[in-house]
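The block underneath contains the structure these notes are about, expressed in structure tokens.
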Amino acid sequence: MFILLNLKGYACDAAALGEMAHEVAEATDVRIAVAPQAAQLGAVARTGVETWAQHIAAHGHGSHTGSQLGEAAATAGATGTLLNHSERRLSLADIDAGIQQAREADLETVVCANTPAQIGSVARLAPDAVAVEPPALIGSGTPVSKADPDIVRDAVDAAGAIDSSVPVLCGAGISTGEDVSLAAELGAEGVLLASGVAAAADPRAALSALVDGA
Amino acid sequence: MFILLNLKGYACDAAALGEMAHEVAEATDVRIAVAPQAAQLGAVARTGVETWAQHIAAHGHGSHTGSQLGEAAATAGATGTLLNHSERRLSLADIDAGIQQAREADLETVVCANTPAQIGSVARLAPDAVAVEPPALIGSGTPVSKADPDIVRDAVDAAGAIDSSVPVLCGAGISTGEDVSLAAELGAEGVLLASGVAAAADPRAALSALVDGA
Amino acid sequence: MFILLNLKGYACDAAALGEMAHEVAEATDVRIAVAPQAAQLGAVARTGVETWAQHIAAHGHGSHTGSQLGEAAATAGATGTLLNHSERRLSLADIDAGIQQAREADLETVVCANTPAQIGSVARLAPDAVAVEPPALIGSGTPVSKADPDIVRDAVDAAGAIDSSVPVLCGAGISTGEDVSLAAELGAEGVLLASGVAAAADPRAALSALVDGA
Amino acid sequence: MFILLNLKGYACDAAALGEMAHEVAEATDVRIAVAPQAAQLGAVARTGVETWAQHIAAHGHGSHTGSQLGEAAATAGATGTLLNHSERRLSLADIDAGIQQAREADLETVVCANTPAQIGSVARLAPDAVAVEPPALIGSGTPVSKADPDIVRDAVDAAGAIDSSVPVLCGAGISTGEDVSLAAELGAEGVLLASGVAAAADPRAALSALVDGA
């Protein structure tokens, strides 16, 4: 299982969480990555943890003020990027172009979508992986793998119908090792986490518990 | 004069440009700041040069994936931010909220606008400074201070009618020391630069020539 | 007082509401306009009631699919348009351009804003009128004129400081004649209504009661 | 062949073009629809021609100012709608929701996309039809069917791989009967037209010539 920890816009010490996640990953065989805001990519990458961007621009170099380009994210140490998170929805054309920009910058991609049908849509654009996150469950504390296991199963089927090799992650409400192992049973090859770890009283304990289920 | 060098999404070595700009600033009395993409804020700030963000989010901490918050920019070393650049236009409500977010993060603000009337509008929201940049002249090689000096004069008047203490910068097409000194004669207290330095064959020579006009 | 009834995206019979509003307006001296969705502009205008668009594009004729241009709204019978409603926020540049497009199409403008400071900003762009609507009170049932009378007073002052001739409307939570007369006492020259009439059990009674306060 | 005439934001008499298109359609067996701006839907529908919206909102009834809902478009006489035109790009989630809103309002859908891969993506969301329009050729006068016939063939294949019953239209640069018949040979079941007819010196002659190729 791939555990991708999205730090969103939380008030947190991104570098400290990166260091902790790196130690947890080192102590186990589980792949863990941390996705901070763009300005913290360098600080997180310097901890040694696998570092992801939360978003990159759909365009390449040029006169674009206030964009975060894939290449600049990679220069700062990112090796992957989320795209089309439900908190940062993109046009279809920009998802397509964003995947291509990521590829040119050697960034792995996880493209998010809300439903199994939309997972089929984004799988058609050849991302490295897809992630299904029902918006209603994000931050709810109710894991998608329990609240609606069919969403995960159907997402795996929808992606597989397009390309059987594309891994499916799931997210929304994941906070325990049991949630992670249930996701794996449903066919997911990874989970997207956010507040379950970043906002936990003891983030290391929370992440370690999750890893036990991976 | 305040010289604010916007690196946009250019293919360039942000840290090297930051170091160069720092040396030029140290060798003169002119205030120079460099605004890289968010992921390079830390690398630029470590050169010692005054470092600005190109944009920050209009919201504070929370579940916002793919945003760049003011506080995170400040943590990375930024001390100011552009807002509402014509390549990153914001709703009026977000300009207002962005200025407040910047203030909470101790970031200075330069709010851009296209015309003297719009400069009056943004001046009303109490930014630290405003910048007039006619979109048609951006990247044109024709400096606004020559192409249409009335835009600069009228912008200074428009800002002054709202708040006589708010400095006005101007941008678009600035590339020589003469452009800078002309801008100063028209009442501007700074200039926004971009390709004139970042895309110059010899950026140090280009910046030094500009500083001579400041 | 000017009573501007915004039908938003409500499930309602726009033409029937237009006819009713026309009859109420005819029976009194109060100016009443109805703002339906673009596709209903013609049907509402044919009732004889003053008809407004809820929004127009910031650009003129050209290759723009899915936009509603000012001229086409005017052809359908509109004589005015809202701009920058908090449910349709525009960039500052588009507010400016939208006002100009409206002027070219002979449409009167009411430009909305959330706060007194933002009212000052939009007043600077020379609209025909401005409207302050605190988003938190929209649809709340609590009229802005009671919940926070200072917002109305301060908006009147903010607009007046820019241009003493620009009328200020207020909106959010207005549903009774008392709300309207209180708004007038605070300096407003009109009110924006929506659910208070459109979603009322008896819209004619609701509008008539409002008009009594005008 | 289905000929769908998108009037975009052109300066034109939508009702007169609707009447003309209706007469041409009546005189032949070819299906022709006209897509005006929302405010002209009623005027066009009253000519008897098949009438389409250029866009509808992704949401249903509610507090949405400045949106055009599917139901209101249908009430005005529309029987179909374009979605995701390259001049009105939508998020993937909104394409999905827009298709559902159209279905609830009994509007047929043609969902546009720029490339064969994106056609595969949108076909996965079960629209009534898809349309491939390479942005670079829109308004170019060079028909996609000649400039890059593989785009049309690949789009037909991409849609067919998802659902063999979903018709594919093509657009961009179509202006002669030969362009239309070539599109049909490549597997397209319709064409999107715009300036080729709407901006023609003699729109009736232009449309008649196109119909001869259908």
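We call the chains A, B, C and D, going by the order they appear; numbering starts again at 1 in every chain.
In the analysis below, a residue touches a chain if its C-beta (ideal position, glycine included) is under 8 Å from a C-beta of that chain, and two chains touch if they have at least 3 such contacts.
Quick caveat, the model's predicted, so the values are computed rather than measured.
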{"item": "Labels of chains that are neighbours to subunit B and to subunit C", "value": "none"}
{"item": "Where subunit A and subunit B are represented by their mean Cα positions, the distance between them in whole Å", "value": "33"}
{"item": "Rounded Å distance, subunit A centre to subunit C centre (Cα mean)", "value": "43"}
{"item": "Distance from subunit D to subunit A - Cα centre to Cα centre, in angstrom", "value": "36"}
{"item": "Junction residues of subunit D - those touching two or more other chains", "value": "86"}
{"item": "Arrangement of touching chains [line / ring / star / complete / other]", "value": "ring"}
{"item": "Complete list of chain pairs which touch one another", "value": "A-B, A-D, B-C, C-D"}
{"item": "Sites on subunit D touched by subunit C in the complex", "value": "6, 8-11, 14, 36-43, 53-55, 57, 59-69, 71-73, 75-76, 78, 82, 85-88, 138-139, 194-195"}
{"item": "List of subunit B residues in touch with subunit C within their complex", "value": "84, 86, 89-96, 113-115, 117-118, 120-122, 124-126, 158, 162"}
